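Residue numbering begins at 1 within each chain, and the chains themselves are lettered A, B, C and D in the order written.
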Amino acid sequence: MAIKRVGFVGTGIMGAPMARNLIRAGFSVTVWNRTASKAAPLVEEGAVSAASPAAVAAASEVTFSCVSDSPDVEAVALGPGGILEGAEPGSVYIDCSTISPEVARRVAQAASSRGVAMLDAPVSGGDVGARNGTLAVMVGGDPAVFERCRTVLEAIGETIVYVGPSGSGQVVKLCNQVAGALNLMAMAEAITLSRRAGVDPAKMIEVVSKGAAGSWMLANLGPRAVAGDFAPGFMVDLMQKDLRLVLETAAQTDTPLPGAALVNQVLRMLQAQNRGGDGTQAIVDAVARLAGS
Amino acid sequence: MAIKRVGFVGTGIMGAPMARNLIRAGFSVTVWNRTASKAAPLVEEGAVSAASPAAVAAASEVTFSCVSDSPDVEAVALGPGGILEGAEPGSVYIDCSTISPEVARRVAQAASSRGVAMLDAPVSGGDVGARNGTLAVMVGGDPAVFERCRTVLEAIGETIVYVGPSGSGQVVKLCNQVAGALNLMAMAEAITLSRRAGVDPAKMIEVVSKGAAGSWMLANLGPRAVAGDFAPGFMVDLMQKDLRLVLETAAQTDTPLPGAALVNQVLRMLQAQNRGGDGTQAIVDAVARLAGS
Amino acid sequence: MAIKRVGFVGTGIMGAPMARNLIRAGFSVTVWNRTASKAAPLVEEGAVSAASPAAVAAASEVTFSCVSDSPDVEAVALGPGGILEGAEPGSVYIDCSTISPEVARRVAQAASSRGVAMLDAPVSGGDVGARNGTLAVMVGGDPAVFERCRTVLEAIGETIVYVGPSGSGQVVKLCNQVAGALNLMAMAEAITLSRRAGVDPAKMIEVVSKGAAGSWMLANLGPRAVAGDFAPGFMVDLMQKDLRLVLETAAQTDTPLPGAALVNQVLRMLQAQNRGGDGTQAIVDAVARLAGS
Amino acid sequence: MAIKRVGFVGTGIMGAPMARNLIRAGFSVTVWNRTASKAAPLVEEGAVSAASPAAVAAASEVTFSCVSDSPDVEAVALGPGGILEGAEPGSVYIDCSTISPEVARRVAQAASSRGVAMLDAPVSGGDVGARNGTLAVMVGGDPAVFERCRTVLEAIGETIVYVGPSGSGQVVKLCNQVAGALNLMAMAEAITLSRRAGVDPAKMIEVVSKGAAGSWMLANLGPRAVAGDFAPGFMVDLMQKDLRLVLETAAQTDTPLPGAALVNQVLRMLQAQNRGGDGTQAIVDAVARLAGS
């Protein structure tokens, strides 16, 4: 029997457009946000506002959360008035936040002990992808539960990939951030060398991004960085939060990641200069600063 | 008046298929190679073999060279029996090797003093791109000379971009290698973290390569690395030769490139293990080795 | 009036010999350890065993703690039955553990609200220094309290330095670990290059350690590493715990430390190879492994 | 029979005081310098000026050279009018420059083919050590020749260590620079963390430099860096020249040195800011700049 009642906890920059796409896909959507005013536009579009995450879950067959960090997930899922307090046995909890795989597994076990199945389903694609419903969603958990929720997930994303048991979605998201961080560094060093050696970096990007050294970062953020446009996109502070999760997980699994550790230090330069709110393409300025520029 | 007579000096893994594409495009091609036997198949396809680079140049309106490193270019261009010894004033010399921008400028000046225009036109795309005529070509030199040679360049490549005065093509090629090297590191660390944290790296690549952390390296070399296929492609030894040029140029322009310097050290691990002849995707093994695997 | 009654909470590898030196210096010493048997030899030498940290503090004018990490200090100081529960107003609490400066300041505030002065006084010099009473002690807190406790501190260490307000002792200890970690890396790379380039590293150490590139690490741990003696000394796992505190404090103060971050990754290689229990001189093996040895 | 006639080629900042100490030790000293005026004060003190390195060597049982880099040694030793042109069979050539071990071995072979024994004998200790005769001298070559020259070497240095066959002295000197560079980085990161975390770095140095994290660099250059005194000592440009030799030798021996490569990049920051003439303690400013200071 098809899923109809869907809940959404955390309707911020990412969560609000995701909830909106669920409404538009025809689901009955119940929402909650810590700052209630942020949920108001969704209510205008047909969502029902609930008094707590527990109340959202009580009204829903599938309850999403999309919050900032591991402690936030622990609060909205496990805390008083939290999702697991209200969720019916047999319902599903899908967390789209980017958090520690370890915490994801711990919350999944707590859910399981209450008869609730949990999927970790972090997303990639930014607020633009969230609005356009083109997110990549990397899903960990029980494959049967994943299949049951596929239609719901397809309302929020385009590339929906099941990657393994509980926690695996978060692992893949962290791998995504490792690759993204080093691709950013690639962009920054290529632009800096181009400038220092006297070649217009826009020309360089034009040709390099089409070949074997091309990347999404170079093609999309490179021109913005060269033009001095540092508006986010994805903020330095958030990338560093994700790299913290990466390095914690690397520590727990005894995995040396010297490249990611280096980029983490370079991003810290930007935070030291109060540029944590800039887009990640600002890394070009950090590398340029190494060269005295 | 359209260019008809083209010379090619250095018909190795890259040069031979490039010369072949010139023949197929209808140019009269004269060739020379240090090991003459390597030029023989081209003669069968219609090329004329000459006794020296000077003789190639004497027979050609445009003479290409494609050799290994800066000293090789200096030898075939400036040495006894070299291209500049035979080249007519008004002819063009195009070097497709990847060499130091400084040497490229020096050779261009020597050419200029003999009335020969030089373009530095390193290529990207590997032997596959050379065979298919789909190379990216980044061209430095006089823009009018570039325009004059455009039809010739279009016989060997697909993306032909003029990037600035003499030496600029080499600078862009080095930027390409900086970006490529760091994208390789991105691939290696993402695969390693995926494995250590218990997720099938093939699944990870499937989803990550489609989003904002995607790159040509991850999408194309990632699956080969995961499958244990380390056949080159582009050899570790050649990437390290290029990174040496990168770091020399960075030194000459006072440009710190900590990321490229780190990847250079990681590639050196492979050389220390006698894997310099493997494809660059072998970097995954170097990073895995850090993790004791 | 001179201090006579001293308490010691945490009589492990470091704490036991420190408490012993306090006994030998003539103080009346009360002790507590989580595993009570570890305190038994001290009782034989004249210490009194107490039932809880609170009981130790109730009996003492100055109470020391020496435990593993920030949460342990929070437990023995702030937890039920903890030091602050028993300490008389006007008494002093000195923590010799290496912990987060932030936690040190928080505990000091909690102490202050109960009328107890706290000094953070981490030590350097290892178990040998603890036994010989030759520790370096870096002290943060109220300078008047420091002066009052000087005679007590002189019983456990040789170099006793007041470095600033609460938390400053921990900051200096973390700086000590930054310097120590990079000096270890210096030792490892010098030994590796010496071997790879065909020179007996023992000869190299003999001359290098006497000049401007000399360090305690090279002179003391270098010969042990060269001889293949990896017995701790100071364990890799503990160094990495301290580097975690370093990198956390660096993050909180927006301080890029690329060198310390790199050494952290190299030590992680050892943990990945189950060598966390080796002495830190094992870093030589990690760097050698980079070179395929 | 004791050596009496000693030659010195290259009487610059290091060479002049070394030659002076040979004069003061009672040797008959013949000198040559590219800029002849720099040798004049030595002539006033009793040296004889010769017209060429060959003339110096012709007059000497043992001829020293002390110049800047590998090509300089090749010029004064192997070039026209060079040392080997004038040196008598049976005489000794001692090079105190810091150069590539490979070049040292090549020059030694050229010397050997003319019946001249060569020692590579780079020094450590700076101009102060050269003036005071307290240099460390690391000597490679034939051990019997070393023993024959010991009294001469003892006139210029304090720690005279034979380290192995030809080239070994240079290898040890490069190891010395690896260790020194990383100890500098240790100093810089410790000072930066101390400042950012609010502790007077002078206090930090006072205590850290006495313990297991102590080094010559921290104890001697740390206080100068903290005081803003960046006068050389040993210039950034020279340290980077030596790190270039280090990284070349590392490449030739397939030795990854990620730490030395990182410090090389940090020193490049200083060169990018036109601070190559500062003393190496200026690295503290480069690391501080990472932190936005």
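What we mean here is this: a contact is a pair of C-beta atoms (placed from the backbone, for glycine too) under 8 Å apart; a residue touches a chain by one contact, two chains touch by 3 or more.
Remember, it's a predicted structure, so these values are computed and weren't measured experimentally.
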item	value
Intersection of the contact lists for chain A and chain D	B, C
Taking each chain's C-alpha mean as its centre, the one farthest from chain D	A
Matching chain pair for A-D (criterion: over half of the contact pairs shared, by residue number), options A-B, C-D or B-C	B-C
Same-residue or different-residue interface between chain C and chain D, half as cut-off	same
Separation of mean Cα positions, chain C and chain B [Å, integer]	54
Chain C and chain D, separation of their C-alpha mean positions in angstrom	38
Distance from chain C to chain A - Cα centre to Cα centre, in angstrom	39
Residues within chain D bordering two or more other chains	250, 254-258, 262, 265-266, 269, 272, 290-292
Interface residues, chain D side, partner chain A - complex	258, 265, 269, 272-273, 289-292
List of chain B residues in touch with chain D within their complex	244, 250-251, 254-258, 261-262, 264-266, 268-269, 271-272
Residue numbers on chain A that touch chain B, as the complex places them	101, 124-126, 136, 138, 159, 161, 163-164, 167-168, 171-172, 174-183, 185-194, 196-200, 203-204, 206-208, 210-218, 220, 234, 246, 249-250, 253-260, 262-263, 266, 287, 290-292
